[in-house]
């Protein structure tokens, strides 16, 4: 759903921009240009054609509304896009026009563009996750021996330490970060298969062309994944896991920041943050709202991703088209989660005194030495987080 | 995810516009204006204040980007919106400024605006569904005795008639249309509860004010549904059912339009519709792609709607905010479905000759008289569709 | 997944039993017997055959394991079931054997049996919901003026009354109950369509036979809904709404029973309830765990229900078979929710003193008169609950 | 939902048995016994106690119905289970009774037992996937140059070869198999954390005990994952990917086995397989029904898995309990998929003549050389499948 206003207060601006028309069209053009260059390098098309295509790509202005209107008739932006690019190339070099998009198919440019749009989001996520893990690991070490109530099934259980709780958050995020990074090497791949995935128009140069395009665009090289999308789904599933971890942390922080509990705040109170339109005294945990909103949306998005993957033959009818609308939303949920993580990385407030008084009030039957075991458990996790600690 | 380009070829333009900034802000202003009028009529605020508020609402220009940027700090557009509206009213009448949004809360204006944005979509859906049912019922009557293969578990079974198949589609859509209409009387309601849903600032005038607002906006009157949203969820669930029916029809049409089967087409072949960027000979069933894409997205959207409804106390943290982003997507999927239905209503091609030849080739063991029973079964359904037939 | 042990502590025994082999087979036999009687009454088969079939149905013993093993070969229990029934009838009257299941198809007996198994669950749910609404309405009236903190976005907002909060719960459950009852008149229907839904073997007696079967089994009469299942999906969607309401109540109660809040308990502490294997002092809100578990499962179940509905032609391949496994789980989630509702109906503890002290501690800026407005709001809801109050 | 009959024709018997009472209880006992041994080896409890516990574990008979009935009161089987085990140990050695489950919590035994039950399923899946890949890779090589229509958006596109299509299936399954195997090294881990995850009762021996238990049970060692479950979710997500691939293959096979297309069958026609209760001539693609049913169920199951992971504090209320019911269903869907894969591995029928005639009839505008490129593309994939080829 493009342009719904109500969604926008949940957006991370950079992630929204990453899939908007300018960025997505730029990615489509980057694909066509890199593809022409690769084909020229492999002798599939003349170098002159590649130059003309590259030149047209670098200065093509596209009217989004007419592109969309035309694209609806084929359920694909690529059809009118290629038509316009071909016209622009033709104006530069009529002979080059027939080499535009030569041997590729709509899905090649649309999927590759999607991967290219996702890439900077994942890079930004990697940095944001790293920063969050660093900040949380430091807080965990600081509070490794700060006793607080452990709570199970929403009731006081036995003492833990704040450091253990925070170290768990940090370690979970660090593992999510690693899992995402790991999956990129196969999941963030160029899509290049041509009409039925066999790159049939490229003769025996298909794999070599594909490899060059992948290198040029900074994506992994892989055989056409038109209808077997699990490396991509696997990558997005790991994104979903990071969103889940952030949501779990948001749930904990929101529970702890109930004033009756009062053990943590997502950040120190700031004017105008978490304000209410009717209750001036309120400081709502608005970052937690973001973290939870993202985590509540993600299971449905992930389910749809899998549902769309049940593709027919060599290109899906409906499923793939729906996925194109879905991936930006999955990235969007990740962006929303990162906004939450940025906040707690920057300002998580830990109230050791309230932790102690709640422990005294509600942890009556707990063995006194438990916090000791808990700080040892925190140390076990901190050792795994050593790379994130100064 | 606002503004993702890739989603746009699946959009129905009117449905997308219904939730974009101009429409949503207009709905928010309509709420505030109607609310001020209602409060004035019930003596809660002075008539002069209502006039000033109405005037400010009628000419307030809002900068969307700054609104969103500020709204992010409270996870709510309403906070900066009310601030701007209050400033505008203050410029007209300082005394009226304190009566802006008086007694209401963010959720009141945001939920009501969402209902107001959804309303014209449902009205348009009602008309489009009616048109689709009329067209399909007519085709069903036309082909009530046209024999074709019935197919079960993707294999030929016994003969039915094309009329029976199409009448089933039509009747299912007609029932979806009725179920949506029925749910609007409770599900498309004004939201007005104030900070904790008790309209506490309005004294004993709360219900009367709410009733007036509902009437003025053309919505149902109902006690605040901040955190008990089932009438709304029920309405959206019925929308999901219509999307499912359209998807099922799209699946059937796409199966029948495989050239090896060749019994139906979504529409006569038209230049440029269903074109491919790489295969000029293709006429893809692009409307079916829309119908299926919408139906594939909807289960996840519906699951998220339910997940978001598990609200905490008197206003949810995360769930409600996520729902605000979700409803336009649910409406969007409906719009996508209607695009499909418009196409088949306008142009469904039925090839009785291919039906007969497939029946002869693959329905060998079927009793000859079955098509007779099937046309009687079609008649039973057509009788229920009488209101849609000329 | 039949027989997983870990699921069983979430089960309501009567709901589990409703879909186990004895109950489901009894329902299948009830269908075949009623169907034969109806066919005899309409002259489709001889009365003697119906008698023989009825007799066989009344005493047929079925070995579940062999039935399942054979059923796997057709993805349908009905195939071996009809074979066994036919053999049993043949032993009574060879001439009657050919009238067993005459004109029906597997889906007819399996869907109808599913509806028959669901029916007593819905009846029990109706009674349990009524009891819960009655109990909660009484508590709401009792506490209509008991002030407590209203909480929004997990933070103290303004005062409400306990009665308002509880009345909202009660009214939401009452509306769910009504919506379920309403949908049964179309959603709990006999399935009878024969191989391709046209009852082709019954000539012009099809609708009359179907009507008799519906009457005999206490189900609604409706044309075959093999592949247009929205009335059924609509009914189950309303079940999902009730589960959601129960989950929302469970979320509230669990938040209020945190000892730092201490305003409610799901029930007075009882020995052995909510116990822990490691912490003898604990009294976990185990009924809330049930209510929340059911609500967490339901969105995915509902999504699957819709996904399965995207059927091919006259009988789905895969979707319908998956739905047969799904419906008992949807009912199971409802049963789990009812266990929660039974508990709070029987024993919800309201601690007015803690409510007052929390209000004093955390509701500082709230206008004193708000609780008054809130009790008026409670009265508005109680008026709608009048039929549930003594 | 334990014991629903209708689900059972979708079950793989070994997978169902893996989570039924005997297997799950055996796993719980294996945990307690290994745990006691590890504690004794680390000097936490006396060796005599471990012996008594081991002896009791080896011969404890448990009445399932009473265990479940009692377990419902704490939403946990572990509470009555530990009680019964303690009584049994006490009968052998009263002194040992206090060492039963010493330092562990309910979640430790229940989660570890779940991992133990899943383990043989994954091992069986690994073997079944390997066999399917081997069989399909061989068929792909055999048909590397067999031309057939490639089909996109459900319409004929350009020629591919049957070998390319089948090699894609095989490679996707091989990658799924690898991804599952890879995730087991972290995702199939012992759960051992004690009440709040810090193993507080074990002093500094916690990690050493945990390591021993992991080794003894053949699971990975990892810090307590009570509420940060992503390695487990990641593993199950990869299971979901395999189910999706199988579903995609089933979709293709079912489309190709429409008699109007007739290019493949899941297996040669066999008596009684795919039979209908009403149409004796039918041979339904019943294995495809299994593959599709599993794939249709999985997105909702996966969504629920993520939704349940949004845990509160040190043990979730509702989410974790729901997950215990869910994992056997996820495994069950995998089992259903494997049944499909077994069938096509054993008997996939490829009709090269029909492929050729359809290509001639519907692939008119396709360049003749395309099948050559396609067989080269098949070779690229076959090279990656070399390890699976003889």
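Letters A, B, C and D name the chains as they come in the text, with residue numbers starting at 1 for each one.
Throughout what follows, contacts are C-beta pairs under 8 Å (C-beta built on N, C-alpha and C of every residue); 3 or more make two chains touch, one makes a residue touch a chain.
Everything numeric in this text was worked out from a predicted model, so none of it was measured.
In terms of the stated touch criterion, the partners common to chain C and chain D are A, B, listed by label. Contacts with chain A and chain D are shared by B, C. Chain B and chain C have Cα centroids separated by 27 Å. With centres taken as mean Cα positions, chain C sits 38 Å from chain A.
Each of residues 105, 152-154, 157-158, 195, 247, 254-255, 274, 276, 279, 284-286, 288-289, 292, 295-296, 299-300, 302-304, 307, 317 in chain D touches at least two other chains.
Those residues of chain C lying in contact with chain A across their complex are 152-158, 254-255, 257-261, 274, 276, 279-286, 288-289, 299-300, 303, 307, 358, 361-362, 364-365.
Within the complex formed with chain B, the residues of chain C that make contact are 105, 150-154, 157-160, 164-165, 168-169, 171-172, 175-176, 179, 195-204, 206-207, 223-224, 227-228, 230-231, 233-234, 237-238, 240-241, 244-245, 247-248, 251-252, 255, 292, 295-296, 298-300, 302-307, 309-317, 367, 369-370, 372-374, 376-377, 380-381. Chain D meets chain C in the complex at residues 1-11, 16, 19-21, 24-25, 64, 68, 70-79, 81-82, 101, 103-106, 109-110, 113-114, 194-195, 247, 250, 254, 272-279, 284-286, 288-297, 299-304, 307-308, 317-319, 321-322, 324-329, 331-332, 339.
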